[in-house]
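The first chain written gets the first letter, and so on, giving A, B, C, D and E; residue counts start at 1 in each chain.
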């Protein structure tokens, strides 16, 4: 049990725990905050995998921008209180069982694989900005450009949907 | 003189022409015109038949090919007429008796209005046409055409007074029962076709083709043909239509249900004697059925009070006799009896018609009596008929019946004794009929009595002719025992094999004597019993049983008609609407129902949707990864 | 580390996201659960990318181990766009009915 | 094809043209006249095809073959052989008769009515002439759709439901057949076109005949095809759409349905089913004959219990069709020749029956046998004509149906005597219910319903008299029809043997 | 390639139209003009095989006559859709230019989804299709149904995106080549590795969701019902068939060699889709909702192409795209003119508007699959493909039996149109204009032409 494994386990437990907290929190604001914790742990994983660029982007974009946007919306709507008065426990139970069964099913299938495939930890330059940048702007220039269409439509969407008329 | 044979096709066509003229012009023709046309065509046919007969008598038989009816590679059915001894004999009977009855009808039906009168003659002509086809056909299919054709005409004529439901019921019954027989006949034909591929008489009866038929085939074919014959000739089990058929006008009963159509079965078997002779089992069955029918019908006849019903049962009984003859291989005797029976039975029917005419439609003999005083000709001719049928020596019935009895005796004494008993019953009921009707006191209403009169000439003329024929008709078949030369047997010999005579003359004398004495005794008994007939009370016991015709109709109703109807009703109500249509509609309902149920899946809630999707995923994963 | 550990972790997070979608009725939380699912995918992709970095076959086939990380980048991009539209829709609904309960609007069914 | 015209073309395009003219007709009279005139012209064309029956000599007049879908190997291939000539003649004859007989009926939207009728005729003609499976299927459905509209638009009270059942039922059947067609198609050989293109498979009838199919496949496909045809004919137990459809459709359409359209099923069996699967297993064959025989007896029994005249005629038609189907599967020259004759005869007779039923219904307003009585007194001409048709319907000798049924029974008997005997019971029962009906409707004394009835009008009389003449002509001299179809039958038999 | 770039560009143009042009009807003409240009350019590419634009695509998209033909069909159908229903778009809300821009962006996504060669492009393509659709669904902002539909669509769409991505991740992980290119997924001929299997299943589920195959179809009825009718028309046709095209393209290139291992999943999905689509449609009272279920049912038939995955299937999917889109667009076009969307609302349509009634009938007949209509040919090719595949023959039989059931609900509408009497005005009479009628006639003509001569479309594949 080396330090890497220890960190991995720590981060994983934290991630799963926060995720569970996220979905069980009564208050939306708490959920948002717990989700941010999840994102941070995932960034930790990225660093562990030496994917530094993604780790940063994850924190800036997700935790920083997107989640703040969520927070804004939640605050704006003043939803920081119990919003689900009626609960259908049976349906929830079925949901949890179904999700759990799915997880078990896939994991048990995956775990049947005997061969161990190791993951490169803490080293390797794939995740560095330089190699990513080279790859992105050389090979992935088309999707990069095309993504602009996505943003354009998102912009239009925000206008069309969000604008008061 | 062979030219006359070329004109043979005119014999059936003439009545057809008469049918068309009367049928299409029924609104234009006056009664006398249609009566004239109707009778004239038959007369012409008769004349032609006579000419043809003379040709055939000289030995000129022929098969006249008209056209190919159905011509396939594997089956050829020609529209042929066969002119030989057997068919010419029947031609004469049909056209001759037919003509007389047409003449009779002009007077008898005179009360009908013009259209119906023409319609009647049209039907009658059509009947003669069909009957002629039946006997002239050169193969079984043409025979079958006539066979069903006469059935149709019988239907039409029985139901002539169509407003009366009982009459149309009778017509329907006649047709349906005939159809049952016809099916048998048809199946026989199919059997023939499948075995030897032809139905042409000339080809079927060749030794080569007969050899192709196994004993089973022969028995089967002949039995099926016999089934056909029982339908047409009113034998057990298909005889009940004939008494009912008396619903038709009396001349029709005389022509169709006594003289001609009902003898078609005899003609068919006589025509196919080559086949039947090879099928002993069938012959046995025919014998039994014929005798049983004769006895059954005779027993019923003694208790009937409707003048025509008595005659009808008598006809059935006499037909039974003919079948007895056929069954015993005595084909000539059967044909002979057909001939004589045609004369005396037509005579008696026409006589009864005359009586009914005089009585203003009354048919119940209990309400008649003493008519001899008022209608001498009718009475006398009727008496001649009765004597003939009873088998008084010297009259036609004696010769033919005696021949049949002799043939039966040659087979077994038991047959003979039953047949003789039946003959005595015949004498009994005929004279019962005669005495009750013509002798004693009149028992009808005053009004009827006032109207009693002898029938017009057009009616009495045929009676007289037929009476004469009934007397002399037997002399063409005087048996050798009486020093005669059996002309008929000789004439028919090319077509119909004569029965082997192995009775000594002595035996024959004895039989004749015995039957004559017994018949005379019976007549005497009848005379004593019925000369001063009084209306009796209800019949009881055996009498009631006989009066109700052995309850055969009721039996059929319970055993055949009712089960059949309930099965059909079951089909209609349960199988059809519930099971089959129900399942078809059920599919529709199922679709509708599941549609209503399935839409609840669409609950409108995202959570539920996703849950269902996850469950779906779960299933797919499970199938893919673990199955 | 064995890749299975990453798969397990990622799938766990993913499933938690799914369960969240299933059991919550607050549109925003559901949406966040979806984001969690996306992040689980991201993590897995990075894990795979680092796994393939060790694989000789992958190196030989002239592909870049960083492909998966670029994919993650695109996922983040798309997620951002989706968030803007999604939040706009949620806000629109909130404006109309003053709730973000997904079961509140229930006109479309059967 | 260097000809300016060919018969198949004319027979397809004339009805289509007529349909167009009818659709744009402004007045009822115009529509009626157009339909009548065109149908007469079509009849004339159809009759004249009989004089060009020699295939080797007039091949260019009798066959049309255009490349249609090159990559699929489907041709627009229609032509007339003996079988086709017979059935096109039937449908060419049927329509003018129907128009004549119903010319007194007033349909709302006459333009549409007659247009759809002519469209139906085009479809029928196509079905009877198609030599290419895809063409066949197209026309098969084309004949169905207009009838659906005709029945649903102009029929009785429950028409929509009844027609719908009919439509879905037959549609399901034909889709199954479509699968069968596809399957066989995929097992045909390649076809080379004039310009050198090659399609992997072909839809033409001859390719279908030579498709390589294992016995197991043949059996399965046989069932698929047979279902479609069995529903169309129909035979037990696929028949329940029919009485309702006949009852609810306008009589003109019922005539088309029963007189001509049901022949599509029989035709399909003769032209497609049997030759494509000549080696069909004896069990299946026996099964089909068994079903058909059940059909005969069962339908006859049910017919006996009907009080509604239309349903009675419908069930009697089922019984007759059952016999034809059984006879086809006896696969014997005599029986198939009988079927050929009978297809034509049944068409004529049943149209005649419907004309009378229609007249009765129109004049009395009654559909039930029990409501009627004594029509013979008030309408003697009608009675006589009907009697003739009714007796033709129960196959009395010297009427047309006798020859057909005689041959069919004979062939069936060759196949299995017991089947023939059981089927023969149908003959008896048919007499029973026909006579029952005649007795109750025509005989007896007039009642309130039938008192005021006057006799048939001129056009109805004409139609009926034509039918009666045909009944007798074919009944007495069926040979022309036999000669017409002889070659087709022999080819079929060659194919089977 | 032409189509991707030009429709993106024209989307931007339309966006600016929305800003600068105040007229409500002008954007339609601009859109039509732009679309015509795109179609022409696309056809040029189809014929010549060369794109006008030369990008460093790194083989991430790949065109061939098959997918170019598909794009042409999709664009052509969109053009017809614009011409038929353009004026209805104007009625949805004030942002006419933006709506058109979004539609152009969707078309860009459609073109990507038809030509993608890597999973990344597939993902981006699908997202480019989806995001504008979320917006269009919710574009009727005051209408709560529209709100609800948008929300449901968005949440479930995002969820399915997650699933798709998970699938892609597993595929990547299980691919020794470490590549996202769909033709470089190394699987081998034996039983597929577990990672690939898991990935395949996730992708299958996500794609099934996009094409609304059961049991992942639940969004479809609600969204189609709730969205403005004119956009439902677009979504349920062009977008849907694009989804199918992507589905088939993906599975053919990536997993075609091991089809026997996943075919049974398709069978399950197909049967479920046919069953749920057809059966549930029977009971619907709203025609719009019935059309939603009918689109599920039609998806069931299109899944046969995925089941078969042979040449006939490709031809079939092209024909199906055209036939289904034309008929549905036409029918929705008529639906937008109706006063009442229930089946009873169609009562007496033929009497009031004979042409509309007739056209609607033809569309419904085509959807049912009656010969002489394009719908028949498409179903015919699908069945042929499935039969040719040779496996699971019973599936084909089940499919046609369900097709017979489909007659049940389509003909209910026909019955209403022709055989029932109207009690109130059936259509919004003033909105039924002559151009609209002309377009209906054009669509009917196209349906009949394709129905009689389908090689007019599939012939292009063999040039």
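Annotations
Criterion: a contact is a pair of C-beta atoms (placed from the backbone, for glycine too) under 8 Å apart; a residue touches a chain by one contact, two chains touch by 3 or more.
Computed from a predicted structure; not experimentally measured.
Looking at chain D and chain E, the chains that touch each of them are B.
Think of each touching pair as a link: the shortest run of links from chain C to chain D has 2 of them. Annotation: A-C is the more contact-rich of the chain pairs A-C and C-E, by number of C-beta pairs in contact.
Taking the mean of all protein C-alpha atoms as the reference point, the chain centroid lying nearest to it belongs to D. Among the other chains, the CA centroid farthest from that of chain C is the one of B.
With respect to chain A, maximal separation of chain centres occurs for B (centres as means of Cα atoms).
Separating the centre of chain B from that of chain E, both taken as means of CA atoms, is a distance of 77 Å. Spacing of chain A relative to chain D, judged by their CA centroids, is 70 angstrom.
Chain A and chain B have Cα centroids lying 102 Å from one another.
Mean C-alpha positions place chain B and chain D at a centre distance of 38 Å. Counting only residues that touch two or more partner chains, chain C has 3, 7, 17-18, 21-25, 30-31, 47, 49, 51, 55, 65, 67, 70, 74, 78, 81-82, 85, 89-90, 92, 102, 106-109. Multi-chain contact residues of chain E (touching two or more other chains) are listed as 120, 124, 127, 131, 134-135, 138, 141, 150-152, 155, 159, 163, 194, 197-198, 221-222, 405, 408.
Chain contacts: chain D has no residue touching two or more partner chains. Contacting chain pairs (ordered by label): A-B, A-C, A-E, B-C, B-D, B-E, C-E, D-E. If you check the complex, the residues on chain B that touch chain A are 607-608, 611, 614-615, 617-618, 621-622, 625-626.
Chain C meets chain E in the complex at residues 3, 7, 10, 14, 17-18, 21, 27, 30-31, 34, 37-38, 40-41, 44-45, 47-49, 51-52, 55, 57-58, 61, 63, 65, 67-68, 70-71, 74-75, 78, 81-82, 85-86, 89-90, 92-93, 96-97, 102, 105-109.
Across the interface of their complex, chain E is touched by residues 588, 591-592, 594-596, 598-599, 601-602, 604, 606, 609-610, 612-613, 615-617, 619-621, 623-625 of chain B. On the side of chain E, the complex with chain A involves touching residues 4, 8, 11-12, 15, 55-58, 60-61, 93-95, 98-99, 101-102, 105, 108-109, 112, 120-121, 124, 127-128, 131-132, 134-135, 138-139, 141, 150, 193-195, 197-198.
Chain B meets chain C in the complex at residues 599-600, 602-607, 610-611, 614.
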